[in-house]
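To keep things clear, I will list the structure first and then write my remarks on it.
Residue numbering begins at 1 within each chain, and the chains themselves are lettered A, B, C and D in the order written.
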Amino acid sequence: MSDNSYGKLFRVTTWGESHGPCIGCVVDGVPPRLELSEADLQVYLDQRKPGQNRFTTQRKEPDEVKIMSGVFEGLTTGTPISLIIENKDQRSKDYGDIKDKFRPGHADFTYMEKYGIRDYRGGGRSSARETAMRVAAGGVARKVLGDSIKITGALVQIGNKKINPDNWDDGEISNNPFWCPDAIMAAQWETYLVEVRKSGSSIGAVIEIRASGVPAGLGAPIYGKLDADLASAMMSINAVKGVEIGAGFGSAMLRGEENADQIRIKDGKPHFKSNHAGGILGGISSGQDVVVRFAVKPTSSILTPRDTIDAQGNETEISTKGRHDPCVGIRAVPIGEAMMACVLADHIMRHKAQCE
Amino acid sequence: MSDNSYGKLFRVTTWGESHGPCIGCVVDGVPPRLELSEADLQVYLDQRKPGQNRFTTQRKEPDEVKIMSGVFEGLTTGTPISLIIENKDQRSKDYGDIKDKFRPGHADFTYMEKYGIRDYRGGGRSSARETAMRVAAGGVARKVLGDSIKITGALVQIGNKKINPDNWDDGEISNNPFWCPDAIMAAQWETYLVEVRKSGSSIGAVIEIRASGVPAGLGAPIYGKLDADLASAMMSINAVKGVEIGAGFGSAMLRGEENADQIRIKDGKPHFKSNHAGGILGGISSGQDVVVRFAVKPTSSILTPRDTIDAQGNETEISTKGRHDPCVGIRAVPIGEAMMACVLADHIMRHKAQCE
Amino acid sequence: MSDNSYGKLFRVTTWGESHGPCIGCVVDGVPPRLELSEADLQVYLDQRKPGQNRFTTQRKEPDEVKIMSGVFEGLTTGTPISLIIENKDQRSKDYGDIKDKFRPGHADFTYMEKYGIRDYRGGGRSSARETAMRVAAGGVARKVLGDSIKITGALVQIGNKKINPDNWDDGEISNNPFWCPDAIMAAQWETYLVEVRKSGSSIGAVIEIRASGVPAGLGAPIYGKLDADLASAMMSINAVKGVEIGAGFGSAMLRGEENADQIRIKDGKPHFKSNHAGGILGGISSGQDVVVRFAVKPTSSILTPRDTIDAQGNETEISTKGRHDPCVGIRAVPIGEAMMACVLADHIMRHKAQCE
Amino acid sequence: MSDNSYGKLFRVTTWGESHGPCIGCVVDGVPPRLELSEADLQVYLDQRKPGQNRFTTQRKEPDEVKIMSGVFEGLTTGTPISLIIENKDQRSKDYGDIKDKFRPGHADFTYMEKYGIRDYRGGGRSSARETAMRVAAGGVARKVLGDSIKITGALVQIGNKKINPDNWDDGEISNNPFWCPDAIMAAQWETYLVEVRKSGSSIGAVIEIRASGVPAGLGAPIYGKLDADLASAMMSINAVKGVEIGAGFGSAMLRGEENADQIRIKDGKPHFKSNHAGGILGGISSGQDVVVRFAVKPTSSILTPRDTIDAQGNETEISTKGRHDPCVGIRAVPIGEAMMACVLADHIMRHKAQCE
């Protein structure tokens, strides 16, 4: 019942703090005889790593992952896979100011309330640095998924600026620093984020993760529903405040005739005329694309001074001068993809155990 | 790893189908020596039970819960509490039509894809009838919470008609058949839902569940976060398509200065100037109200014929003449409250184990 | 993390007390489309039920099991299977004497220490009555195992009277009231147990459970080892004080040359020349018979007065006049078989999930 | 549901192979603000480490443990504690001979059957090297137990040479290389083991682990019983073939009057006149010493050639020339102590969550 683990059969346990010597994870339950190398994982870590452009934190971390166990002569052995990344650019000096003050919007206050102690350096365990291990684990999960399942993440909203779904182009996503599938909106976001960054502020965002090629039958009612597990997985990412599947909150405004996806036969197979369900009915995948969106709040660390208190209970204020992302949602895209991969890998194994 | 269980220490396992002889649950891990009677649970079941007004299904179920174990001379003994409710009004004849057809928006298709068999009577296991046991379990959970934690659920949106937060009045919630905290909106919804029902249609809704008196410190990072567990709990309710905490999806449109809740000292204690966080920071409760909202899609069973296929792969159409709710979201209010109670009870015990 | 559940994928949760209205269990994770009827389970319950001969308790319980969910038109549906047995012959009056006294060798004292409350009627939750549900669940497990795996339980020792392994005859086991595979020893036990019963005493026993046809590869190192799970399963049975695999405690007296089972090829397949390992190496089944033995202590409820204390802390003595078994180990045979079946069913599913 | 994890609230996940770069574990759920240093753990690792005398393997491993996370300024923070030990003396060359042959009594054959691949170097994951991490985790567990619980392990039998319980002297245990509490037997074992070692053979053993100061109330019926969890924990140790509690298998030979521990009042508190129960009744600790014994088979790696097959299915033979222990049971003593510590720490937290 480790609180630092997720997944039931494809099981990931992460550990480590922002400013400790390293961070790591253990991926257990991986099927044997899958080809796996550090390079296979590095490609995803490189997508997430900080300091790649002016819109993400300038912390310099090569984020080189090392496989410490569970792989022999290039193949998984079925035993736990231990992955480790060294922390290189820790700059503890940046964080001296927050040793005694609780940063609004951060977990400083609640960690202290819960544990009566906190590693204040860079947020310690509550730092988004932990998400590097999710991305690494997601790389292992993709090996379980194989080539027939494709996961695509994109940023679909920054502030009140939403992409135009009609402009969606998968090929565009890697053409801009925002994972934006809409070239027109990408240009607008650039201008907008430069302004946000220069003003020392930050802004929220919405990410969409889409998995195609997911077979029907994944997800286990009533409390292992695929959508419930995705909701938990995405909500567990730092700064996420909402998760929706398919039509999501929009479904509250639909009539029954509009919402329920009608079914036809096409090429001899069941074919849905729409996908308001986001590929999940009764908690089980339908064979349609699985579609999840989640909202990320604006970075809480900003230049503008904010009211807070210190550990001694005195009123004070704080502003953050360290390295931070104007829109932390941008870096959440590869993390959301990784969580999708891990949840699907887990459910593929769970389905196989009971139903195949 | 039962897929029909939730909670880690306060652990609920539900069983039963819509048209079986009965439904039930086992609540394990309950602290000993709590006063518990069937009447304590019945009060919540009565709130959820169908057939109470013209806006909910006309199935007649007294939903009388029986305690079969775990209570001795009026007190819990620490052993598993088995709860059972008989199914009285099963009317299997109503469902003959759906034996071979997959109802759009329902789990008929996916259950068949997953299991290769399905109990088609009333949706079998996928029926919302299962939620009666969540409500019963929630009654047990409230005993664990005690009197200092208060849970209030309300319907805050039907279709595009949202309540005015300024009109919120807790006392109003039980004055109308919609759990609406806004008397003015309640009147509008009445007119609107009569129209929806008469047209044989249905409409979605949004529910808000608020827990006050929750102590700071509940929730266990990184994968036992309070918000992630709430997301999973709410998403697992039938027809739910989205979950948000505090400002939720709205936080995507906020700037850092607007979003992060500033802290002052008031009456000698930490006091937040706002609650965009919904009472949860870094996955741990802050002592503020815990605020969750979830979106419920419109009832998929409607009078209007919809395109579908049958089990043999033929195209056909279906319309539902059975007893159904025009807005299934209404009955989700006590269910959402129950899930909140169960999640909080679980986390109180988890926190006690590690940190007290 | 229900403490009243066992198994990971084939997951059984039991509930109920000796003198409540009924006892029951929920079996979750069962593969769909298996034929299952109440009669399939009743055959095993009839083997365990009390009052069948003068060597087991005279409590009269028909132990008729009812399937309340999870089976539709004679087939499992993949949803949780709820099983219930009514308690018919509760005779609470027999137990008035033990309301305030702690019976030596029973759990009366420790339940009170743990929970501060106990259902004293017949031992409440700690009664061996609970094992009826294990036997029922074992019947479901055997459906998962199929016909190729055969489980055989036998009593191999009562007091210091051990069977002669050379006399072992599977066919003899059901020919005597002791599940004894050695006809000669069965006759001796009869005389012996009559004496034990007449003297108001009781005696311990050793049971052996053997599973043949178990495929190689079951069990998941390091903490899901097949032997570790069997040890836990058997030790959880009432009155069990020891568990061993293969040569067991005898292996402490062996030299390396004697103990390690040498391997040859026979009929084109690996063939072990002995089975000191009890069919398990490194926690994984080898394809040989899986062999487990467990020791059952003598019934603690005896006629002879014993020193004890009461709930108020006064010294007193107690003797038991109720219905009890002179050798509780006899009835443990079908229970041990059931636990073996459940553990194997669970591991078959776990192995399939990861390795097939 | 990681198969490489144990414990429910005090949760340990181990990883690593005999000849990988390092081995490690993650200890999750540890209460915050406990003092913890590497030296606190090293003392236990030093007890287990190989090469300390002529009766244990000559592999040279300093076994220096490093704390990578979860401790800040000398105190636990409540976040996962990652522990790592480098493998220094791997000598892969020693094991070239076993690349293709299955060593009788080892897990070579079953790992290959299960996974279709195996890291043959030193046994890979199945090596007893993994137990170093149990010992490290046990050191953390002892911090949870505090000073009032004392755990004492001892070797009580080698081959058919059993200690005389009347000679038991705790102070003697660290005076000889066998953890023998009986000075007279220690001398005999020395002579005996020299003979065993010189003949290239090996011999089994029995270990006893005793915990005193354990409060009454630990253990959670029915499937989280303290004895069942201890049975699983001890059986999971490499080479263990049997586990017993208190009188154990001896209880099969006892009469009811002999076995059940009578209770008196002494110094105002309940006092048992004997401890056949091994401190556990109904799966719950009684306040008496918790007493567990387990049998360890003889080292399977011996000089004498043994019949076996190779990976290609050919009959062949094998003898082991590498570094091995004549009695692997000796080094199991600190491992058994560690498992006892971990199980107790887990149950203390579980009990607190539900019952305090």
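Operating definition for what follows: a residue touches a chain if its C-beta (ideal position, glycine included) is under 8 Å from a C-beta of that chain, and two chains touch if they have at least 3 such contacts.
Quantities reported herein were computed from a predicted structural model and do not represent experimental measurements.
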Intersection of the contact lists for chain A and chain D: B, C
Chain of greatest Cα-centre distance to chain A: C
Chain C and chain D: spacing of chain centres that average the CA atoms, whole Å: 26
Centre-to-centre distance between chain D and chain B (centres being mean Cα positions), rounded to whole Å: 46
Residues of chain D engaged with two or more neighbouring chains: 1-5, 8-9, 14, 29, 32, 78-79, 114-116, 125, 221, 350, 355
Contact set on chain A toward chain D in their complex: 1-5, 8-9, 11, 13-17, 20-24, 26, 28-29, 32-33, 68-70, 72, 75, 77-82, 114-119, 124-125
Contact set on chain B toward chain D in their complex: 1, 9, 29-32, 78-79, 221, 349-350, 352-356
Chain C - residues contacting chain D, complex: 1-6, 8, 14, 102-107, 109-111, 113-116, 125-126, 130, 157-160, 196, 201-206, 216-225, 227-236, 238, 241-265, 268, 270, 273, 276-278, 280-287, 295-302, 304, 306-309, 313-315, 329, 350-351, 355
